[in-house]
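Letters are used for the chains, namely A, B, C, D and E, taken in the order the chains are written, and counting of residues starts over at 1 for each.
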Amino acid sequence: MNAMLDDSSTNETLLEVNNIEVIYNHVILVLKGVSLSVPKGGITALLGGNGAGKTTTLKAISQLLHSERGEVTKGTIAYRGQSVSGLNPSDLVKRGVIQVMEGRHCFEHLTIEENLLTGSYTRTDGSAAVAADLEKVYAYFPRLAERRKSQAGYTSGGEQQMCAIGRALMSRPETILLDEPSMGLAPQLVEEIFGIVKDLNEKEGVSFLLAEQNTNVALRFAHYGYILESGRVVMDGPAAELRENPDVKEFYLGMSDEGRKSFRDTRSYRRRKRWLS
Amino acid sequence: MFDQAESFVTADGRTIGSVMMEMKNITLRFGGVVAIKDISFDVREGEIRAIIGPNGAGKSSMLNVISGFYHPQEGEVWYKGARRPEMKPFEVARQGIARTFQNIALFEGMSVLDNVMTGRLNHMKSGILSQAIWYGKAEREETENRAVVERVIDFLEIQHIRKTPVSRLPYGLKKRVELARALAADPKLLLLDEPMAGMNVEEKEDMSRFILDVNDEFGTTIVLIEHDMGVVMDLSDRVVVMDYGKKIGDGPPDEVRNNQAVIDAYLGVAHD
Amino acid sequence: MLYRESGDFSETYKADSQTFPIKFDRYRYYAVLIVAFLVIPLVINDYWANAVLVPFLIYAIAAIGLNILVGYCGQVSLGTGGFMAVGAYACYKLMTAFPEVSIMIHVVISGGITAAVVTVFGLPSLRIKGFYLAVATLAAQFFLVWLFNRVAWFYNYSSTGQITAPDRTVLGYLVTGPNTEAWSKYLICLVFLTISGIIARNLTRGSMGRRWSAIRDMDIAAEIIGVNPLTAKLSAFAVSGFFIGISGALFFAVYLGAVDVGESFGIQKSFLVLFMVIIGGLGSIFGSFAGAAMLVLLPVLLKNILVGALGWDTALAAHLEFIIVGALIIVFLIAEPHGLAQLWRVAKEKLRLWPFPH
Amino acid sequence: DLVFPSLSYRTGAYASGGIPFADGYADYMTLLNERDGGIGGVMTRILECETGFNTEKGVECYEATKGEGALVYQPLSTGITYQLIPKVTADGIPLHSMGYGRTSAANGKVFSNIFNYPANYWNGASLVVNHLLELNGGDIKGKKLTLVYHNSAFGKEPIRTLEELSKKHGFELTTLAVDHPGQEQKSQWLQIRRERPDYVTMWGWGVMNQVAIQEAANIRFPMENFIGVWWSGAEIDVLPAGDAADGYKAITFHNVGDDFPLFDDLKTYVVDRGKAAGAGDQLGTVVYNRGLYAAMLASEAVRAAQKIHGVSDITPAMMRDGMEALEITEARMVELGMPNFGPSFKVSCENHGGPGTGAIAQWDATSKQWSLISDFMATDMSVIQPLIDADSAAFAAENNITAGCS
Amino acid sequence: MFPDQFLFGVEVVINGLMAGVLYALVALGFVLIFKASGIFNYAQGVMALFAALTLVGIMDGQVPFSHLINAIFGTDVHHFGWHVPAFAAILMAIAVMVGLAWMVQHFIFRHLVGQEPIILFMATIGLAYLMEGFGDLMWGSDIKKLDVGIPQGGSFWIEEATAFLGGSNFYGFFIDQLDIVAAIVAIVLVVLLVAFAQYTKQGRAMRAVADDHQAALSVGISLSFIWVLVWSLAGFVALVAGIMWGAKSGVQFSLSLIALKALPVLILGGFTSIPGAIVGGLIVGVGEKLFEFLIGAPFLGGATENWFAYMLALVFLVFRPQGLFGEKIIERV
């Protein structure tokens, strides 16, 4: 079944990444021609192993590369048909694109509530609307409401992750670039967070570009997926199809033909990935 | 004291030794926040002991108590049959306890090799003068320890990045380097805080293999925090479950997985 | 490929951990040593010795010392000026109290005394971190200068509070005092610098150096894996103090000959040496050399160009010098925050890849 | 040409004094070139080097300039002077520390290349005490004198003499150190306010002077009882305090004002031709005049050297001889257009220190002018000479110098 | 006599408090910039000098860069020949400081985003050199008198009113009027700045930037804007400090050294705390004056003020490593 048919996404493309190359420090070539597109109202997953370049791709889109001594040396990135190069991150936030960074990056010394409020920095629709959204975020993450007055630096990993997502929501985004939301979260919470992603997507029409290692969950919630390896897109397709792909099954879902195999039994010979010639 | 000296056989037929470390009624508070509430559990020689629980349950805090970074307000830590007085972290490390960290804590300014070599610092004793002239003991020691470290590097299959600055490594490899650093110390007890977070299945499989091999081949006792239930269930001999600082379950994986309290607080659905 | 590493393999762990594992680098190092020891002394004159080479050599020693503390161990110190003063005054007291003992020994002992003093001032580093520590080290800077200014015993009760180096010889050649030849000043400093460089390199590549770097990169993690922060930090302070003390002693005895503590070892000196370390490259011995060279040469060059070549009046030139030095520092930091050493590494990396861009 | 290095400081905390001095020094040399075609037919050349009043930079400047045939150094800093004493002696170049530097250098038998005529800090200290004696009819027993001094070689210089003098005259001496640069002196002045000394004297320089005078005014210390050394008596030191500074005194070893024929020449030949070193508005100010005076003494020494050696383009060694043979007479001063500008004196090998005379100047805040309120008077050499002898003997012993005149 | 001694002690304390306020004025500028960018701005002292120089230059109608212009074109210009009233000149000086803030951000710190703190610190020292040279070049290095009409000198009224407290040796408390003005100004500034940082959107953004540049960028906070804003504020604070100090000791090079007096204040109060700056200033002021009065001058030969503040701060920090009000250093693994 093609997932694209039964979801709320349209054919309108929001974000178009075309054959980009990224170099760090003038010498380290990390992305070697990555293309992808994010449709309006869709959840698009970006999968791949460590160091594949997921984070780099997201940062290239949100213009956060610059401060890490990285630059896009080739290719184009367009949001709603307009090139984003030359914009700064806050312009993008104003246009509705916001990134939730890998590793949470909460403002340690600010309280949870202040953290959330920084998310509304670019908004101009008045404090009442902001307050309403704050309540909404608390409704999504009751745990945050409990800890609203704590300094974010002292909250646990999961709480910080919620805080980071909640903070992004506060900007009323149209597209969220979500980097590894499941990392370090308890299984229940992972489900919960993805549930919220789904909710936001369906009820509020927020589009997602989602970088994930947890292929299993990601492919369950996403509509479309790209698999990245060593800076190249090696495979892409509707999530449902990817889930059935034998290679994906073996390398990303840890399933063999007989179902899930135990981590105790993995020291056997492994087949080489087909796309690595 | 119960079955202190005895050993027992686990479900899958592995022999687990006597009690190596025992946490007795540990309570840890930060100002108003109670991170750990009166928790007791033991760790036996040669086992893989998992700690699981929702975020903020106090798992990492527990590891920090074991490694001497946090000092609990109440409770005792017993190690190798004796009560451990309050110790500085580096003293704990010298007792043969090594660990990895939830948020990678590598030395970003050094190469992989140097990072792993830091794991051997407790085995390097040459004086400053000898080091200054780089002759005699200092040089010998360096070469000997280098050999040990190279074995660890081979074991974890990170030879190719030996000379790379760790800051340039991708996340997964960093985790592996951290494990290498801990292993280089030749620990009796190895504490792993979410060693597989942020990894894909393939990498988790690799990591699992390493952990099992360490446990098998060197008989290293391991305490493991992990959120991937597959990993926990497959690898561990016994599991402690924490929730909001309290212990809500303790036992072999199968037992824990069917414990209703655990399901409610943590797993959400019964895991297969 | 102008610069090659390939085909140059180490066969033993010992060979692999030597200072210059690559042949090409090793030969270049020998060449530099030969020029420094055998060629320069023959051609050196007063101006070059006093305006450029001797200060460069002495500052390089100080920079190595500070680099160990800041670059390797991550403890920022702004007390370098005061610590150099300790070296200078120790040397003065030793020179005047034991005139029969060789000055070489005095300089080394001055280093030891400074190491002890610096270690005492390093004690707070166990609690205080980052800029708090940096500012706190200023306490040492101001206190020491005040002390040497105030307690007459230190300057042998001379009426002005200045100290003056008596004539001393090494192997029959004068090395201190106004009648010293340029080459002998140069050589004695060079000897100390070479030995300092080698010692520093040895200390930083072994377990000591790893302890320091571990503390620098992440002190909590370092402690948890077994580094005793007390000994690691204090040893860094001590070693750093040793080198800084030597440089202070040479600065006074060989270079200036007479010293007014407030002016020669004021806070400006602390900043200057810190600049050398940072412009050169934190955590790099080579960087210490490069930074010292750059910051000694730059003002001399500027002065020569602005006043000498362009003939501008000195006030204008002095103001412009400030502006240019300031601007250059900023430009450097922007271009390569990790200093000249990093610039050099990147250049090598590029050369290795040349002519391929990546 | 005749090269005069000028180790000046036009930047930093002491620029306010460094600039006018350097300007005066340079303008006088320019005047000689423009009006007379140099000295004895050889043009003069000023070689300026910025020291920032920093000893280390001073040494650097010395090394950089000495190769160019520098005739005489005038570093305008006691600290730099101390550094250069051994160096110039080794290099055979004379050094003139006019009214500063190492006092015992007045003994030419030990300090062959150092000159500090016409007066030094010990003369200065004696001068202050003489003035107090005069005010009190010769008896200052039990009076309290406080010395506020720059905490450096410079500021410490007079302490020894003052101590001797306090023993001799029975006044009570307290000393208060002010650290470089002297921006903050509140506690020193609170202490003065509390202890109410009868007199305060000051060895200050740069910003320290203004702050001290301002603070003295703030605590309403009677200005006429506040006497500065000659480096603490410039217009810029008193101007910021406004009317409150009225009556402040300072010692000096030369005359003040621009009421001398020389200034007409300066205006015609230097300022009006656009050759002035500065803006040309400093003529007649205290420190500018001092720069002029120093340059005049240097050029007169050149003439003496030219006469002795019979060559016009002299070497530093000849210059030294010229300085040692220097004789300034009032008649010559009149010829130079500086009648009564400074004392008449004669330098000799035994005495490099000149007559050691000085006068008291006082500030008038309404007319914004300094004026002399005393004649040039002699100082107490019976106290000073033994000190000089002892200090120079110690220096000679320390440095293996056999004292004597060749 | 004991009571007199005691009253003198009280006087020393009062004057220490006043001196502390002046230190705090400089420390405030540091805190602002540190809070918003983690930059330890060594150039704060030079900024005060530059601001004061500019103010005097404008008031006196000086031609900027006259020295340079005259040197290049052989002209002889110095003054425009007009005088600008103090109020207008202050406004113009503020405008200059805002311009400066923009330049600092645009040409320097924009390119250093994400660098280690020590690199940023070094850059500010470079900036200090640059501005010092620039200020001198622009306005000349001679001493200038600054008079914006703030009263100066001991307050007779207080002196006379308190003279009766002690014996004949006691002349009443000495309090400089300038210090009183400075204290009032400082308190107003602190209150306003605290309100700004704690309760406004920009203030919150500023604190966010201080914690994590990257994350701040990611939520759409413009680093450049925040930085220009705080540097402007710091420039304004520097102007105020420059006016106060300039009125005391003339506007000249040494003004830039007051930064050194502010540093111990800073670590004592905590780098990130605005009220900390003022409390730290008071402690340092009183501490060093009292120490000089009780121990320094009688037993140690005086001039202890330069180091005492640092020693005090050092000892204090050993017990409280983040200063009095500084944010606790979060140490977790």
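Here, contacts are C-beta pairs under 8 Å (C-beta built on N, C-alpha and C of every residue); 3 or more make two chains touch, one makes a residue touch a chain.
Here's who's who by UniProt: C, E = High-affinity branched-chain amino acid transporter permease protein.
Quick caveat, the model's predicted, so the values are computed rather than measured.
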Query = What chains, if any, are shared contacts of chain C and chain D?
reply = E
Key: Leading chain pair when contacts are tallied as C-beta pairs   = C-E
Query = Using CA atom averages as chain centres, what separation in Å is found between chain D and chain E?
reply = 36
Remark   = Whole-Å distance, C-alpha centre of chain B to that of chain E, is 50
Message = Report the inter-centroid distance (CA atoms only) between chain B and chain D in whole Å.
response = 75
Remark   = Per the C-alpha centroid definition, the whole-Å distance linking chain C and chain E comes out as 32
Message = If I count partner chains per residue in chain E, which residues reach a count of at least 2?
response = 136, 141, 301, 303, 306, 333
Inquiry  = Residues touching two or more other chains, restricted to chain D: which are they?
reply    = 10-11, 19, 151, 179
Ask   = Among the residues of chain A, which are close enough to touch at least two other chains?
value = 154
Ask   = Across the complex, what residues on chain D touch chain C?
value = 8, 10-11, 19, 48-50, 52, 54-56, 59-60, 63-64, 67, 78-79, 82-83, 86-87, 89-91, 102, 151-153, 156-157, 159-160, 179-180, 277, 391, 398-400
Task = Quick one: which bits of chain E touch chain D in the complex? Just the residue numbers, please.
result = 8, 11-12, 15, 19, 74, 76, 78, 136, 141-143, 145, 152-154, 171, 174, 176, 245, 248-250, 252-255, 257-258, 261, 288-289, 292-293, 297, 301-303, 305-306
Touching residues on chain C, where the partner in the complex is chain A = 346, 349-350, 353, 358
Inquiry  = Touching residues of chain C toward chain B in the complex: what are they?
reply    = 12-14, 16-17, 199, 202-203, 205-208, 210-211, 213-214, 216-218, 220-229, 235, 239, 283
Request  = Show which residues of chain D lie in contact with chain E when the two form their complex.
outcome  = 10-13, 15-16, 19, 151, 175-179, 181-184, 186-188, 190-191, 193-194, 206-207, 210-211, 214, 217-220, 236, 239-240, 244, 274, 279
